[in-house]
Each structure stands twice: as C-alpha cells, then as structure tokens.
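Both of the next two complexes hold subunit A, though its partner changes from subunit B to subunit C.
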Partner chain A sequence: MTAPDLDLGAVAPLCVVAVGAALMPLLDVLLGRTKTFLSRPVTAAWAGTVMSLATTGVLSIALVMCFDAAGAAPRTFNRDHPMILMDGMTSFLNIVILIGSLLTALASGKFLADLAINRGEYYALLLAAVLGMMLLVASTNLMMLFVGLELMSIPIYAMAGFRRDSLRSNESALKYFLVGSFASGILLYGTALIYGATGTLSLLEIGARFDVDDPVLLIGSGLLLVGLAFKIATVPFHQWAPDVYEGAPTLVSGLMATTVKVAAFGALLRVFQMAFGPIDDLLYPALWVMAVLTMTVGNVMAIIQQNTKRMLAYSSVAHTGYLLVGILVGTQVGISAVLFYLLAYTFMTLGAFGVVAVLAHAGRERERIADLAGLANSRIFLAAVMTICMVSLAGIPGTAGFMGKFYIFRAVVEQAIATESSSLLWLAVIGVLNSAISLVYYLRVPMVMFMREPEPGPEPDRSGTFEGLVLAVCAAAVILLGIWPEDLNLILTRVDVLHWASVASASP
Partner chain B sequence: MSEYAGLGLFMALGAGTILLLLVLTSVLGPRLRFAEKDEPFECGESPLVSPYRRFPVKFYMVAISFIIFDLEVVFLYPWAVVFRDLGWYGLLVAAPFLSMLSIALAYEWMKGALEWD
Partner chain C sequence: MESILFWVFSIAAIGGALGMVGTLRNTVYSALWLVVSMLALACLFIMLNAQFVGLIQIMVYAGAIVVLFLFVVMLLNLTGGVMGAEEQPLLKFVGVALAVAVSLQLGSILLRIELPWPEVSPEYGTTAEIGRALYTDYLLPFEVAGVLLLAAIVAALAMAKRERG
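Up next is the complex of A and B:
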C-alpha cells in the first residue's frame, strides 16, 4: 500500500485553525485553574480577554498563511482525488472569512463579559465554525461541501443559543437548528439524486456528465440549490433570518450575516462555475425571480422594523438579492463583482452589528432603533461608525457599498448590452430602484442618532479598547474601499479580483 | 446459480434459527401475567410519567461521554486491522485523530465531568 500524494502545505491554514479549535477548550480550563498569572489574579474578564486574544492570534496566523497562498499557483490537497482546491477564489474568500471572524473574535471579549456569558467554549466554537467555512469555500466535491457546511453550521447553532438564560436566544438557536438541519437534509437529498444520476460527487465531473434531459439530475440540482438558498437566506427561504438574528448574541448575528453568508456564497459560486454550466439557461428564470423577490422583500420588510437587529437581518436579505444579481450575470466580471461585494459587505455589516454589540450593558442589549436616540451627543464615535456603515449599506458614493453595487450593476448592464437581453436590463433597473427604497430605513438610523433626544436612563458604555479598534477598522475600510477600491482590495486580500480574467480556469 | 446456494443456505439457517427460538420460548417459557407486563414498553420504567420530574444529570454526563468516546474509538478498528500494511503513514494519519480524542478526554477530566460527586 502506497501513501496517497498529499500536499499538506495546501491546507496549512485550515490545519492551524483546526489545532486552535482543539486547544482552545484546554486553554480555557487551564486559565480557570490558575489562581494568579504574572502576580495578577485571574478573573473571568481577564481570562476572557486572553481567550479572545489567543483566538485572534490563531486566526491571524491563518490569515498570513492565506496571504502567502493568494499569489501562488492553485494547489489541491490530494492530487489523485482533488476534493479541496486552493486557488485564487478560495484564497480570496478565505481571507474575507478570516478578516470577518478575526474582528468578531477581537470584539468578543468585552461583549461576552457585559452579557455575563464569558465562557471559553465560545472561542472553540468560533474557530470550529471558521474551519467549516474555509472547508466549504475550498471544496470541489459535494461530500466535502456537505462536511464543510455542517462543520460551519453546528457550532453556529450552539453560538446562537449562547445566552442560555435568555428565552429569545434559546428560540433563536432552536429555530436556526431546525431550519438549518432541514436545509441540510434537502441539500443531502439533492446530492444523493445527483450522485445517482451521474455516478460522481466531483463538481467538475458532474458538469462534464450533465445530461440536461435527465429529470433525476434536474430535481437533484434544484434541491441542492434550495439547500444553499436556505443558508444564504434568499426569498422565499429567508423567514428564519430575522428571528434568528434578533435572538442570537449580537456579535454572533454579525458573524451569521457576514462570514457564514460569504462561505455559503462561495460554495454557490463553485457549484455554478463547475457543475451547473449546462443548465444555466434553465436556472436563469428561477434565479431571476428569486433575485428580484429577495431584493424587494428584504428592503420593503426592513422599512417597518423597530429593532435594529431585525432591520439589519432584512437588510442582509436584500444584499443577498444584489449578490444573486451578480451571479445571474454569469460572466467573469459578474463573479469578480460578487467577490468584491462580499468583502465590502463584510466590513459594513460587521461595523453595524459591532455598534449594537457595544451598546449591550449588564445583561441587557440596547437593540431597538429608539435606543440609539441621542447617541451622537453621548458617544459620537459610535454614532459616526454607525452612520458610515448605514450610508455604505445604502450605497451612497464614497463608500464601499457604492463601489460594490457599482461593479455589480455595471457587469449586469454590460452583459445586457452585449447579449441584448432586456430581462437583465430590467434586473439592473429593479436593483437600483431597490437601493433607493433602502435609503428610507438606512438613513432613519443616523436621523434618530443625531436628531432625537435620548430617552432617560443610564448613558451607554464607552467602547472597550479592542471594540473601538474593531469599529475603527470597519469604518476605515468602508470609506477607503469606497475611495480606492482596487488598491485597498489588493492590500487587504492580495487577490486582484477586480481584474480577474480567469477565476475558473485554474481547476485541475 | 451454484454460487447463490451458500446464500440460500445462510438465509434458510437464519430463518430456521429464529423460528426455532420462537417456538422453543413459546413452548418452554414460563407464563407469568401481571399488569406491568402488558405495557407497550416493558423495561422497568413506567411509560406514563410527568416529563417535568427531576432526574440526576450526572447519569446523562456519563452516558453522553460513553457514547462520544465509544463511537470515536470504533473508528480505530479499521485502522487496527490494516495497521501493519499502512506502516508509518498509517500512524501519521491516525495521530491527529488520536490526539483529538486525548484532548477531549483531558478537557472532560479537567472540567470535572468524570467526578460523580
């Protein structure tokens, strides 16, 4: 028996995260047993800070490794059976995921302490979820895709219910778990049907053997699509998102809205690129309707929300719609635009959830929009970050959100003109109209912060050092990505997605 | 067809054994009838109780630890069977799995989940 031809270097960042996830619980119990460290008593808050910094450290090491991999040639883990592909797109998505989770980990220390849920398991779960996301975006095989999806989802279910004494947190975890396992079941059923029809699980092989007239294969593809649509929360599979985001601890909601979505979109892009090429024409009408519904329902429902987290949940549904538009274009330019949008979206959404998280105090979260009233007087820094994120989410020029939308709609219009497709042009029109609708609820937040008198009660806490750093990074990235999108994208991710001629050509 | 003869014999033997055991227990077994025996699940537990009663959580800790470690150790059997053929490569591949198990055990131990009182 000879050893298979393995390339451990290709999956080194994943290994680092896996080792971190395994060692984090040990660090937690070791810190709990230590009475003093460097002649200071080990309090719960202190241990929490150490855990949060250790997690950030692990994620930074993985991030540096991904930077190295970003410029290199594509590699696969097992050269005989390529199931994990580390190419430019994987590196880019990995870097976005790592940046998002790194910022979350850094901000978590004080947030968990404020809510009195400062437990080390949080960081182990976070790292395990990140490992799942990285596996998900790297997989070129349906079975690996499923493993990655579950490894990502199961820790997130637990993190959503991390406030064990809060009924809404429990409800959130249970809802997410039920809907998520239902979606996984559908996805697995689709995988089984596809395997039955083609005899292979490799995405490239499925694409090569795709028989457009085979009903089993078509049903399987549809089920696979629905399973992934649940995870990225497109209409009509979005109903869980507001409830789950509202109940989960705010930073976990931020993680669900950003990195989880990035990972699931990465998987969706892979499936479209490699396997679903032959049925593009069949999927086009379904995805067209889905994209229009997702944009419109997300934006219209967000207008009537009174709770900031619910509003952000519907806003994230709407942004899923814009991203679907980019996928519908089907060209490399469209995919590049989607990837850039994911990067911009991560910073602005994480910043907005971060501000809501900072306002949490003594076991209570200030999460109604009315709670933000007068924030500009008491905490101008938080109000400024929130305003920048809202303006960017709305897509006003000078921010990352505008550049993201600009790239997507430019790709749509270019393709519409090139193919003389009026339906694509309509998609761009509906998208821009939706951006206009979204101004109503995004700009209401700065209005409340700057123009309303605060309700009587204690002043909100100051942001901690690390929280402040995270918020400043998010706000700076949002503005700089809006001014120098190409340069800053290159600095942040080392992958030049905006000038990408061949994303898919690098497959083995 | 002769290669299926063994299969047929196997199936006949299996069915025969089950039949034989059923007949033997019905002929030889003692018949004691009392109320608990007529319940759908005869396992010493009353099937109809309030779900809100208290139960000792320690038992469930042990049960869940057992299930986790027992199921994971099962994965070592296929490896043990071909251990010599795989050689150093096999050991290298199994090492992460084994260290993962050890870390889990250490964590459980240090958390105090193995203490009964």
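Up next is the complex of A and C:
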C-alpha cells in the first residue's frame, strides 16, 4: 500500500476554517472563566464581541489564503483520487462566501446581544457552515458534494432556531430542517441511482460515461437537480423560504439568502459543467420553465408582502430565477455573468438584511415594512443603506444589481442571436419585464422610509460600530460595483470572471 | 459446519422478524425481537466475509437504533392501544400491500441472478480494505465527516443546553 499523493496546500484555507470551528467552543468556555485571570468577570456583551472578532479573524485568514490561491494553477487535495478542485471558479466562489460570512460574523456581536441570544455556539456553527459551503463549491465528486451540503445545512438548521424562546424561530428551524432533510434524501437517492448506472461518483467520469437513453441515469440526474433546487429555492421548491427567512434571526436569514445560495449555485454550476453536458438539450425546457416561474412567482408574491423579511425572501427567489437564466445560456459568458451576479447579489442582499437586523431592539425584531416609516428622519444612515440596496436589487443603473442583470441578459441575447433561438430571446424579454415588476415593491421601501411619518414608539437603537462598518461596506461595494464592475471585481476577488474564457478548467 | 450455521442464523433472523410482528401489542418485546433478527443478520454478513458490515450492523442497528426505539417507546409510554394499528384498517392494508410488494420485488431479483457469481478479491469488503479506502481515496470526505459530527454536536448543544444563570 502506498501513501496517497496529497497536496495539503490546496486545502489550507479549509483547514483554517475547520480549526477555527473546533476552537470556537473552547474560546467560549475560556471567556466564561476569565475571572481567574482578570480581577472581574467579563460581561456577556464583551465576550460576544471577542467571539465575533475572533470569527472574523479566522475568516479573514482564510480569505487571504483564497486570495493567494486565486491567481495560481488549479490544485486538488488527493491527486490519486481528486474529490475537490481548487481552480479559479472555486477561488472566486470561496471568496464571495468568505466575504459574506465575514460581514455577517462582524455584525453578529451586537445583534446577538440585542436579541439576548449571545451564545458562543453561534460562531462555531457559522464557521462549520462556511467550511461546508467552501467544500460544496469545490467538490467534483458526488460524495464530497453530499458531505459538503450536509456540513453546510446542519449548522444552519440550528442557527435558524437560535432564538429558542421564540416560537417563530422554532418554526423556522423545524421547517428548514424537515425540508432540508427531504432535499438531502432526494439528492442522495439521485446520487445512488447515478452511481448504480455509471459505477462512479466523479462528476467528470459521470459526464464521460453518460448514456442518454438510460432511464435510471436520467431519473437519478433529475433527483439530483431537484435536491439542489430545494437548496437554492427555485419555484416550485421555494415554499419554505419565506417562512424560514421570516422566523430565523435576521442575520442568519441574510446568510441563508446569500452565502448558502452562492454555495448551492456553485455546486449546480459544477454539476452542469462536468456531468450534465450530454443532457443539456433534455434539461433545457425544464430549466426554461423553472426560470420563468421562479422569476415571476418571486416578483409577484413579493409585491403583496407586508413583512420586510418575507419580501426579501421572495425577492431572493426572484433573483434565483435571474441566475437560472444565466445558467440556461450555457455559454462561458453566461457562467461569467452568473458568477458576477452572485458577488453583486451577496452585497446588496446582506446590506438589506443588515439594516433589518440593526433595527432589532430589546429582543424584538422590527420587521414590518411599516416599521421603516420615517427612518430617514431618525436614522438617515440606515435609510441610505437600505435605499442603495433596494435600488440595486431593483436593477437601476449605477448599481451592482444593474451590472449583474446587464451581463446576464447580454449573455442571453448574444446566445439567442448566435443560435437563432427564439425561446432564449423570450427568456430575456420575460426577465426584463420581471425587473420592471420588481420596481413596485423595491421602491416602496424607500418611499415608506422617506415620505411616511414614523409610528409612535421607541426610537430605533443606534447601530454599533461594527454593524455600521458592515453596512457601509455593503453600500459602498454595491455602488462601486455598479460604476467600476470590472476593476472592483478584480480588486475584491482577483479572479477576472468577466473576461475569463476558461473559468471552467476541466482538469485535473 | 458452515451450512449448519447458515440455517441456524437464517431461522433466527426469520424467527426474530416473526416474533417482532407477533408481539406488536407490547412494543418493548417487539423491539427486543428486532434485536434478535438484527444480530442473526449480522452473523450472516460475517459468514459472507463482510466483517465490517456485520459489526456495523450490530453497533448501529442492534445497538444504537434499537436503543433509540426503546427510548422513544419507554419515554412516550407507548402501548398497543396507543399504537392502534388494528383500529385503522387502512394502515393495516397498506402495511400488508407494502410487505407483498417488497417480497415480490425481492423474489424477482432472486430469479434473475445469473450464476456463477463474479469473482472478487478475497479482501473485498473486509475491515482492512474499507479502512484503506477511507484513509486514501476517501480521506477528505472522511475527515470532513468528522467535522460534520462535531458541528452536529455543537448544534444539538446550542438547541438543548440550559441557559447559564
């Protein structure tokens, strides 16, 4: 027996996050026992800040490592039996995931203290979930994909139910857990069928051995897609999203709407790229219908929501639809557009959820849209950030959201002209119409903030230093990505997704 | 010798299953009969040179899962009356139908088996071979599964731990 040919450097950022996840509960205990070192015990809020900063530190180290790896050649961990691929696309998605979770971790300290759920497990769970996401986008093997998916999901189930005394938080966790378990089961069943039909779990091998006439393989592929579709919340697998986002602590909802979605989309892109090439034509009609339904249902349902978090949940469903359009194009340009969109979407959605989270006060979250009334008078900074995010989500020029939509629809139209496909052209038309519909509910939020008188009640809390910093970063990134999309993309991620012909390096 | 053991364990497995169904009114007995059936199955696996699957069968099924069943039964104090399959004829019908369907499926698979069996290496399925695969080809998922268990423990703690002070 020979030792496997390992490349530990390839998984260094993953190791950092894993070690962080393992040490975080220890730090929690140590902070509770500092009485022996210091003359007085630390307060819970202080301990929470230390935990949140430590988590941010761990994530920044991983971020720097991913940034270093982004320029290098593709690597894998075990060269004899590759399970993951650390190429440009993985680095890019890892960086997006790390930025999103880093901002969340930084804002979590005061948020958890405000809701009186300042428990150290939160940060350990956050880091474990981040590790799962990073593995999910890197995996080129269905076994790795499944383990990564579970490692991402299980901590998030618990984080959704982190407010144990809140019935809605419990409901959110239970719903997410049940739906997520079903999705995992469906995905696993699909994996088993694919393995039975092809005798391999490697995505590249599956793509090479794909027999388009084998019903077992087709059913397996369908089940795999449905399992992932649950995670990214496409219609008709989206019904859990509003309830879950509404009940979960707001920052956790933000995490679910951004990084979790980025990770699941990364896995979806890999599966399409490596394994499902032979059945592109078969999948096209199904995905076309799914994309149209997802955009339309998301936008129409968002209009009638009174709760900001539910509105953002349906908005995130609608954005899943736009992203599916990019995947449907199937060209390199389409994939580049999807990747850029994920980056832009992360900032604007995190910013919007961040504002709602800052409004949390004394254990109550103010989350009706009506609660935002008059915010421009009392908290102009929060109102400004929220406005920037809403304008960007609506896709108005000068913002990241516009550039994201522009790249996606440009890719669609180019491909439609190149292949003379009228269905693709229709897809672009429906997408643009949907953007117009979305203006109705996105612009209602600034209107309420600037033009309505505030309801009598306690003043909203001041945002803490770190929360303010996070919101400022989100707002700045949204605007700058809208003005200099290419430059800022390069600065943030070092991976030039917009001009990169070979985002999908198929080797090793 | 081997065929005598095979018959002993097979009869024990089937007997355990029948015993489980026969004692449905007392769920604790029923779960214990399930253990008998599981243990006999584990012995059959070991005789088939699948030691690892056999041991896992004992540890996971006869051990962990049945203990979980017993916990639930005892904590919720479930008795035959509460379970009440006999009061719901539809459930009974579905159960019988499922049993028949599974038996037919298994039977059809048995009829289709082509002899002789394909050759496999003598190490196939042994603990050593599985360990080798886990620590070489599947090293990364194996290690990540460890982190997953840690995350699950922390998640359970976060859900169930009593508040300090």
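Just so we're on the same page, the second predicted complex is superposed on the first by the 501 of 508 C-alpha atoms of A that agree within 3 Å, B and C clash if a C-alpha of one lies under 4 Å from a C-alpha of the other, contacts with A are read in each partner's own complex, and residues count from 1 in each chain.
Methods note: a residue touches a chain if its C-beta (ideal position, glycine included) is under 8 Å from a C-beta of that chain, and two chains touch if they have at least 3 such contacts.
Fair warning: this is a prediction, and the values are worked out from it, not measured in the lab.
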| item | value |
| --- | --- |
| Fit-or-clash call for subunit B and subunit C when the two complexes are aligned on subunit A | clash |
| Which superposed partner A:A22 touches (first subunit B, second subunit C, both, neither) | both |
| First (subunit B), second (subunit C), both or neither touched by A:F272 | neither |
| Subunit B versus subunit C as contact partner of A:G161, first or second or both or neither | second |
| Dominant toucher of subunit A (residue count), subunit B or subunit C | C |
| Which of subunit B and subunit C A:R33 touches, first, second, both or neither | first |
| Residue range of subunit C overlapping subunit B upon superposition on chain A, of 5-13, 95-103 or 149-157 | 5-13 |
| Set of subunit A residues, in rising order, touched by both subunit B and subunit C | 1, 3, 22, 25 |
| Parts of subunit A lying in touch with subunit B, wherever the complex brings them together | 1, 3, 22-23, 25-26, 29-30, 33 |
| Subunit A partner contacts - residues on subunit C that touch it in the complex | 132, 135-141, 144-145, 147-148, 150-152, 154-159, 161, 164 |
| Subunit B - residues contacting subunit A, complex | 82, 85-86, 89, 99-100, 103, 106-107, 110-111 |
| Touching residues on subunit A, where the partner in the complex is subunit C | 1, 3-4, 6, 11, 18, 21-22, 25, 32, 77-78, 80-81, 83-84, 119, 121-122, 124-125, 128-129, 131-132, 135, 141, 143-144, 147-148, 150-151, 154-155, 157-159, 161-162, 164, 173 |
